[in-house]
Amino acid sequence: MRAPDTAPRARVGDVLLSVEDVSLSFGGVKAISGVSFDIRQGEIRAIIGPNGAGKTSMLNVINGFYHPQQGRITFKGRTRAKMRPYEAAYGGIARTFQNVALFRGMSALDNIMAGRTLKMNVNFFWQLLRYGPAMREEVEHRRVVEEIIDFLKIQEIRRTPVGRLPYGLQKRVELGRALAMQPELLLLDEPMAGMNLEEKEDMSRFILDVNEYYGTTIALIEHDMGVVMDLSDRVVVLDHGIKIADGTPDEVKRDQAVIDAYLGVAH
Amino acid sequence: MKVRQVIMGVACAGLVATAIYASKAQAADDIYVPLFTYRTGPYANSGIPIANGMHDYLTMLNERDGGIGGVKLNVEECETGYDTKKGVECWESVKSKNPTVVNPFSTGITLQLIPKASVDKIPILSMAYGLSAAAVGKDFPWVFNPPATYWDGLSMIIKYIGEKEGGLAKLKGKTIGYIFLDAGYGREPIPLLEQLAKDYGFNVKLYPVAGKEMQDQSSQWLSVRRDRPNWMVMWGWGAMNPTAVKRASENGYPMDHFIGVWWSGSDDDARGGGKAAKGYLALNFSGLGSNYPAIQDIKKYVVDKGKSQVEKDKFADTFYNRGVYNTVLVAEAIRNAQKLTGKKVVVGEDVRRGLETLHITEARWKELGFPGFAGPLTGISCADHSGHQGAYMQQWDGDKWVKVSNLIEPMKDKVEPLLQDAAKEYVDKATGWPKRTEACDKAM
Amino acid sequence: MDILYSIFIDPFVQMAQAPDLFVQTLWDGLVGGMLYALIALGFVLIFKASGVFNFAQGIMVVFAALTLVGLHDAGVPAFLALLITIAVMFALAFTVERVVLRPLVNQPDIILFMATFGITYFLIGFGEYVFGGDPKVMPVEDFGLEKGAYNIKMLGGLVSLQKLDIVAVIVASAMVAGLGVFFSKTRIGRALRAVADSHSAALSVGISLEQIWVIVWFAAGLVALVTGIFWGARSDVSFALEVIALKALPVLILGGFTSIPGAIAGGLIIGVGEKLAEFYWGPLVGGGTDAWFAYVIALVFLLFRPQGLFGEKIIERI
Amino acid sequence: MFYREAGQFKTSYASDQAIFPILQDRIGIAVILVAAFSLPLYANDFILNAVMIPFLIFALASIGLNLLTGYTGQLSLGTGAFMGVGAYACYKLTSIWPDVNIIVWVICSGFFAAGVGAIFGLPSLRIKGFYLAIATLAAQFFLEWCFIRIAWLYNYNISGAIEVPQRTVLGVIVTGPRATSETRYIVVLAIVVAMTWIASNLMHGRIGRTWMAVRDMDIAAELMGIRLLPTKLMAFAVSSFYCGVAGALMVFLWYGGAEPAVFNINQSFTILFMIIIGGLGSLLGAYLGAALIYILPIVLRFVPEWLGIPIHAATVEHITFMIVGVLIVFFLIVEPAGLARLWSIGKQKLRVWPFPY
């Protein structure tokens, strides 16, 4: 794993996405209240917090699945109060899910190919014939997908329906599907939950490589503190829907509120 | 795994065997009479007694006379369930076995089969149902609908109402309600009804009953209560009939002002209403009860020997006798065909000629063992495939049907132009409809 | 203008002019709705406890009624026939659980739904094979029920209430109340609710899933029997009755799939709604609207309140 | 033994993306096609008219429903009505413009069905599963009522039914009573094969993947940029297009006429059975299901005759009902994914033979 004392990376750029004063509630139950933070171009940003802190809700707000009652989200310079999920996807936000949300009836290859949907645009007529432009497009995207498959080292399971894959591999395919969208911002919801040490190390390596290789900005939720501290450039800590800390891993680690609410109590 | 493969194997083998079997030609030493029947499905209550009547009469001819003209009848039922799809399938499956005549017993199936009849050379006998326009023999040489069409039936009912009101002129200003099965069958009489309304100055109220709703009908009868028509006329079938009779009596409609067509007058139709249905009227053209020598023969040769499916207490009820009537026509047509051709074993083309020369006088009915069973059937010719014979009115007395009128003749002058128009329209729309080439035989 | 008048004004004028007919329409709708509700109740019982959308409920109504009438016609005394029919419904529930549900446990909903189609087909064939396809008259008098009607003079006209309909409404209400008590007060009832909430939770408190399935299918069978008796008395007992069961589906949409009061409220809304629509507005389009009106109400309703009248708003999680 | 892929190497992504990547499969399909197109040479009228033509038409309708229910996960009970829309559209088109090639009209009628299907697909944005199924029932019953009530649809025929007029294509009579069963069979077969090929193209490409994505996990699909409403509406439209063409074929090349009852709810149920038994999300399954549900009862009708058992036609019907019911349950228990899965398991076994796994 990467040493924690590496100098701040020069690759980190301007603010890519900023969340301002966002509140979200479900019929009286507050999930998030007044949270603000930002994500910079090229960084790995972790969102942590105890169970029920509103982390997944936060991701759902970012990619438009939940609509906050209050607050604003600015992505690539455009501010929106509300955003449809597909708009987020068009804008370049991809994500993986806490409980694997793969298309279970399809093969690993098709799942990742499905991630290319946004980039494909040959019209319906050629699709009917599966000939000419449609076939060329199919092959062209297959090439991109094969690169991802090579990158994630899942060549042998290409044709396997994902429902039959072990959990660790499913997570990997899901990452592949998100990567296929070639996102600017990649949201990972507990990418290492339920994995053994070896799988975690593999996954961490993939995340770092994605970040370095493709220059993708990453926001991730993770429970394993070691992983979070090693991977991320900056960490935001939520508790009961409120932001209690924000900073580099070292700052957060020393923050008393965090220690009280989370590190000290929960672990 | 084994079980699955075995099953698939059996299914495949079955399919192949069907192919082989179906392609085998029928041995031609008997007269093949297929009966399209429905003892299943929502219309089974009307279908079962008719199927029994048809089956039993023909079986009786086999048992008593050894068939017709010394040739055994090969009677075979094909279950349609009143479903067009199965009806067409039945047609295809009997087609290669030299059928003499097909009785579809469903207006829907008849409509599908009419175009096929002339191509496959199989006559269709749609006895008082099907396409009214098919009575025009010039355009429909292969289709027969004796003894009367729906339009004849409607005109008889209007005539009867006129009689009760004291003359057709008295109909002016009266309201006649028409409750009908919302399908081709129930809709067909409407043009004539509207025309008669214009001619005689009465008003018409329509109450359609969707096939799916036929066991409910409460909204229709509520509307009847509101509109208070002086008379109600019904074109119902299957489970629609008993429900309508019940609703009418529940809503206090005077039952003796409620008249059904001949397909709404079975014993089961009225029985559900019980005593309250007393007074309900319906047209009929076949005899009531078992008091005819031939019906007694059916009992003796078929029912008592356990060769029939009829329940004892439903023997010789209205629709059973209707089925018998239907097969008397079939048997007569076969006899005619044998005489015309000199052949013993006749096929569809021969029987078409036999049907065109159908001529059953009162004396002939008696000869057949049915004295007074039905009115004479003497109007059929090459031009007229229906005959426009009269029918009588029967009334439910709480337990059984009773004949309450003499034969009522249809208003032929009103019906005939409509028939000609309808036939012309049909032929015009069906591009390439074949011209009649079949020669005309002299009646015997 | 005329058309607007006949849509928006004339029907109400008619209601005011003939209030007796209006009351009669309401009553007929109420009775029809109660019977729809009874069928819907059968659906709800099974759906609540096993998550199975039981398409066979309609044919169970016919089958129960046929068994009863068939036995009676064969000379079995009325109440003995009733007992035997109840036993038959139990046997049916038991067989369904053993042969169909148990091997299919943990399959997706659609598979179980399809399996109930299989049951429907089997029961149609079996019922017709045993009892024949001809309609049978429900011997209501032998069960101590009276035919005939109370004709009440009111509002300048006559409103007639069929005695059988009154009994139907009372029995249906009693059954609903009884089932409500059963679900909230008794041990088995609470167990059923536990199953509805979570199968594993039910197993962990020691309730056998198999038993519960037999019980709910049996209960649905009893509801079917009662429904069959009253529908059978209104028309005849025949296989054509089966299609009426489809009317219970829009009722379920309105009421929600798991709510017993919802089934009743939905039934009444559909029953009254379709009668009023057919009676006052039907003539404008040539009548026969009751074939689809209920479904269109359900469709429109779904667009605004997908969770049904009594359901809770669903929050999608991921 | 003969079913091996060893030695067949893919040298391009194009050949690896082919629909039948394995040589033996391609040979098999070719053999079946040749056999199917040459069937009129050795089959009689009954086989063509009462078995093969209906089977192909049902297979097409099943493909239509399968596109919607099997591939996109939207349960529909309105298939019968959508078939009706196709049939009536075709009837109107050919009566208004009788000189246009009837096959063109059969295909065009699909567009009308597609339009109607898309309208009734609108609720699918808000509702799913059984709820949606009941919403499609509204389509079924409302359209059925329209077929009876709007006399314009059946050219004001007094019988309320439509009768297929005679139409010729290149001098050959294709519709109407005088069209031979061979001609009609070949026309139906050609259309069904072509449309199956197109459906297979669609399902193997981007559109198929988006549909299956919506089916398997609609929320994830939406978060990946797949817009749910257009996707579902397109599925409704394409599915109804197939059903519409199947309906037009049914009336014009099989029945030769129709009354509204032909398109009733039972038709919808029958086709739903076919895809469930055959296998959801499988084109092969549509064929297998149609074969089992349609052809099996016909076979059952003949069984007592072969065995020489005297048995009433009605009893056969009852027993058929029971057997079909039992078979539905049996297949669901043995293989809930349908006959198509059985087939692919069998193929897999062949592939690895002689090893069990």
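By letter and in written order, the chains are A, B, C and D; residue numbering begins at 1 in each of them.
FYI, contacts are C-beta pairs under 8 Å (C-beta built on N, C-alpha and C of every residue); 3 or more make two chains touch, one makes a residue touch a chain.
Just so you know, these numbers come straight off a predicted model, no measurement behind them.
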From subunit D, the most remote chain by mean C-alpha position: A
Pair of chains joined by more contacts [C-beta pairs], C-D or A-D: C-D
Approximate Å spacing (C-alpha centroids) for the pair subunit A, subunit D: 41
CA centroid of subunit A to CA centroid of subunit C, Å: 49
Centre distance in Å when subunit C and subunit D are each reduced to the mean of their C-alpha atoms: 33
Where subunit B and subunit C are represented by their mean Cα positions, the distance between them in whole Å: 36
Shared interface positions of subunit D, touching two or more other chains: 141, 145, 148, 219-220, 223, 265, 314, 317-318, 321
Per-residue multi-chain contacts in subunit C, two or more chains: 128, 133, 243, 246, 286, 288, 291, 318
Residues within subunit A bordering two or more other chains: 65, 97, 101
Partner subunit C, residues of subunit B touching it in the complex: 39-45, 47-49, 182, 206-210, 212-216, 218-220, 222-223, 225-226, 238-239, 242-243, 246, 250-252, 268, 271-272, 274, 276, 314
In the complex, subunit C residues that touch subunit D: 53, 99-100, 103-104, 107-111, 113-115, 117-126, 128-129, 133, 243, 246, 249-250, 252-253, 257, 285-286, 288-289, 291-292, 295-296, 298-299, 302-303, 306, 316, 318
Footprint of subunit C on subunit D - complex, ascending: 75, 123, 126-127, 129-131, 134-135, 137-138, 140-142, 144-145, 148-149, 219-220, 223, 265, 269, 272-273, 276, 280, 314-315, 317-329, 332-333, 336
Interface residues, subunit A side, partner subunit D - complex: 63-65, 85-86, 88-90, 94-95, 97, 101-106, 110, 113-118, 120, 122, 124, 127-130, 134-135, 137-139, 142-143, 146, 177, 181
In the complex, subunit D residues that touch subunit B: 43-47, 49-51, 54, 95, 98, 141, 145, 148, 155, 157-161, 163-167, 173, 176-178, 254-262, 264-266, 292, 295-296, 298-299, 301-303, 305-306, 312-314, 316-318, 321, 334-335, 342, 346
